[in-house]
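Same chain, two partners: chain A is paired with chain B first, then with chain C.
Then we have the complex of A and B:
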């Protein structure tokens, strides 16, 4: 098991809200947990992955995620159970859409 | 030499001599199963072209075993003709020196074995064909001397009932029987009063009741439970961004979970977009269980099939308005006709592949595997001989011309649908197809490409749709492909500015450009979530093979 830690620039700050966990847990091939807390212009992401040697791909996936979403000030934890980048991106988008939704 | 001196009947004489050698083995057309190998040793001669029936569904497996048991000292150097190389006996023929060369279409399960036989110099692969191409050659330069076929039942006269899995039988028998060849059928049973006659006795030389029913693989059954959200997302993009966009009514789906997801979204997502009756009404398709909900929802008017699918018999028989059925109620499939239908009468083919290069060429040949093509190239190619018009065909043609002052003609939509990474993080997009290496191994002049890039009109991945019709040059085509290639090396190598420009022009369309939210790509959108749901949707008529039953 490899643990990778990233900080990416976010498109904007996420709306402040009480720290809660959002995401798609126990979904079989990838889990994403989102909580508030951290610098508002950056998003901190912790990746737990079984696959070794895909650091550059993770970097690119997360950079694009930061460009897509106002995820500044969020802490995100990803448990990838052998998920492809496509699945990881989808889960991240779903988690952020849920975060923004619950916010309204 | 005058015509009088020429012997124009060598084939007739050869056939008569071969049949005469079987006098002590055959009772009329009937030969006992234990004499099968002896029969083959009498009627086959060294160097013969032997067609062994077997596709990815029905297999003349008993006759394959009987052939693998002949004495290689007597029967050798055979030239095998086969739609599919699927069984261990098929490759054993080469290991034992019974056969030396082969012309075939597809070799799914034996692909690796085939590659090692080539390496060992035990087999000569003359060519890998599409089904239609191979059938075509049966009538030109590869006419079989002997055909070994499979049928469900025979009557005392030797008429054959092939039932729902008629498949390749008519094409093989016609080519063999009418050119002095010998047709030997393995049947599951003798039956008086066949439900219908699929092959007349007059075209059949010998019938053997096999000790066990012929093997049939349920190849087209996909458990909806295994369809992923990514596949749902891609299927939504295909339905909204391609099927609705072009008004695709007549089509063929390749095999796999990607296309099963489309089939299962028609009655839900497709219906919600108001597409019932506007898309997917007429199909050249095997009876996919995943199509049941769309049929039940009234989406589908007609389905013609290459072969049948285990468990679908009663459902098909109960839906004669949709499927092609005989007087007996059972389906009549026919691979040759369905391939022709898929090529000429369909507006769209969509399928998956293992590798796509920067120009959109695709291949299922990967390192150490000689997989072949099956029917994909017939479906996945623009039909240059097509003349009749349809809205989808005309629109695709217009896009391909983009206002250039050339003779207007339509285009077939050929869609490649892949996730950017397959399992074990194998990238679907590559700079160079493994097919190049395979060409070298096999001594081919050209790499065995399944679908050529210039026939592909759209590439769909989880990242979006690349419309290759709208690309103005090869460089744009490359960037359009890179632009949907995700985080593969090919995708990461994109020119981001050019890709943005292609997106602004609608050459690349992302899910959000189509008004599809990622969060809506949920598996509960599928009209069936399990095989049991499919059974329920069929009103209990679908009877899945036991391996798909987990209840």
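Then we have the complex of A and C:
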């Protein structure tokens, strides 16, 4: 197990939302929990991963994510069981879509 | 368009089975009530420990609902997972909903948590039987990829009624466990036709263990669960003794059978019936004419 914590730059998100969960903690997959919290121009991402030693790849995937989405002011926590970078990006996209869809 | 139960996540199933927008989750993911054991074992946890619990309405009537997430550790029951289910049942004893609906998708005890998982299973069984003795109704739905095996199979058979799809599987020892313990000659766990013949929903329905048989469709599971809210349910010493006698007789009759179709034919399924290829309506209509079903 490795715990990695990042803060990436991102445009501000709508933050008055209920928390959103997508994905599952399962082999080759990950679950992503999105909550409001933190500085409006930053996205804090806390990763718990079963795969050791992939810090630079996480950094790159999460930086791309920050550029793609208005995720500023969000707090994201990921439980990963060896999802590939493509799967992680997909789950993050799915999570932000669910966050934005929620009209609560 | 039909939405498959088999493919859906635990949360998607719950939202599809209960009335639209009626579900209120207890201890949702952001509460982070997850397993302390997985952390100690240096393994990733799930925010909800693999089970969704909450309150909802079903056809306008209050129900408490639990759904296991089969994709997380095979839906296996750990300490927290079990405690969430026991807590829901205790709440049911206080609130008296029309039913407790449990969407099973689990291979049984979570081996990572050993005794804590075993104790959780026994606590769930005790809670179910205690609540049933007070007149509460338990409806189980089985149609997930993880099936319903081991301790979870025991819990399911402690319910008043079960709904199964063909894809759903129910048994005590799972196929791989049997193969590991008794050898591939006894049971080839990779023979998918064999696995579904002897553990699948059609077999369980013919044996009278599943009360309703439906297509792999969340809406069909919902309709069956609504129907079961009002069917007669009995739980007494006499009903348990009757069930034990029925099982003992079944063992006498079928204990030496080597495959499911032998049993089906003894129950009255026509020898030329292509059971595996029948859709739910055809199968249920055929089963209705089996003199031996539920006998």
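The rule is simple: the second predicted complex is superposed on the first by the 86 of 104 C-alpha atoms of A that agree within 3 Å, B and C clash if a C-alpha of one lies under 4 Å from a C-alpha of the other, contacts with A are read in each partner's own complex, and residues count from 1 in each chain.
Basically, a residue touches a chain if its C-beta (ideal position, glycine included) is under 8 Å from a C-beta of that chain, and two chains touch if they have at least 3 such contacts.
Just so you know, these numbers come straight off a predicted model, no measurement behind them.
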* To do: Return first, second, both or neither, reflecting whether A:33 touches chain B, chain C, both chains, or no partner chain.
  => second
* Touching partner for A:54 - first (chain B), second (chain C), both, neither -> first
* To do: Would you sort A:86 into first (chain B), second (chain C), both or neither based on which partner it touches?
  => first
* Could you tell me if A:1 is touching chain B, chain C, both of them or neither one (first, second, both, neither)? => second
* Using the superposition on chain A described above, determine whether A:100 touches chain B (first), chain C (second), both, or neither. => neither
* Enumerate the residues of chain A that count as touching chain B in its complex and touching chain C in the other. => 29
* To do: Please name which positions on chain A make contact with chain C in the complex.
  => 1, 19, 21, 24-26, 29, 31, 33, 35, 48-50, 77, 79-81
* Asked: Given the complex with chain B, which residues does chain A contribute to the contact?
  -> 29, 51, 54, 56-57, 60-61, 84-87, 89-90, 93-94, 97-98
* Asked: What part of chain B is in contact with chain A in the complex they form?
  -> 228-230, 233, 419-421, 425, 461-463, 486-487, 492, 517-519, 521
* Structure fact -> Residue positions on chain C within touch of chain A in the complex are 9, 11, 28-30, 42-48, 69, 71-73
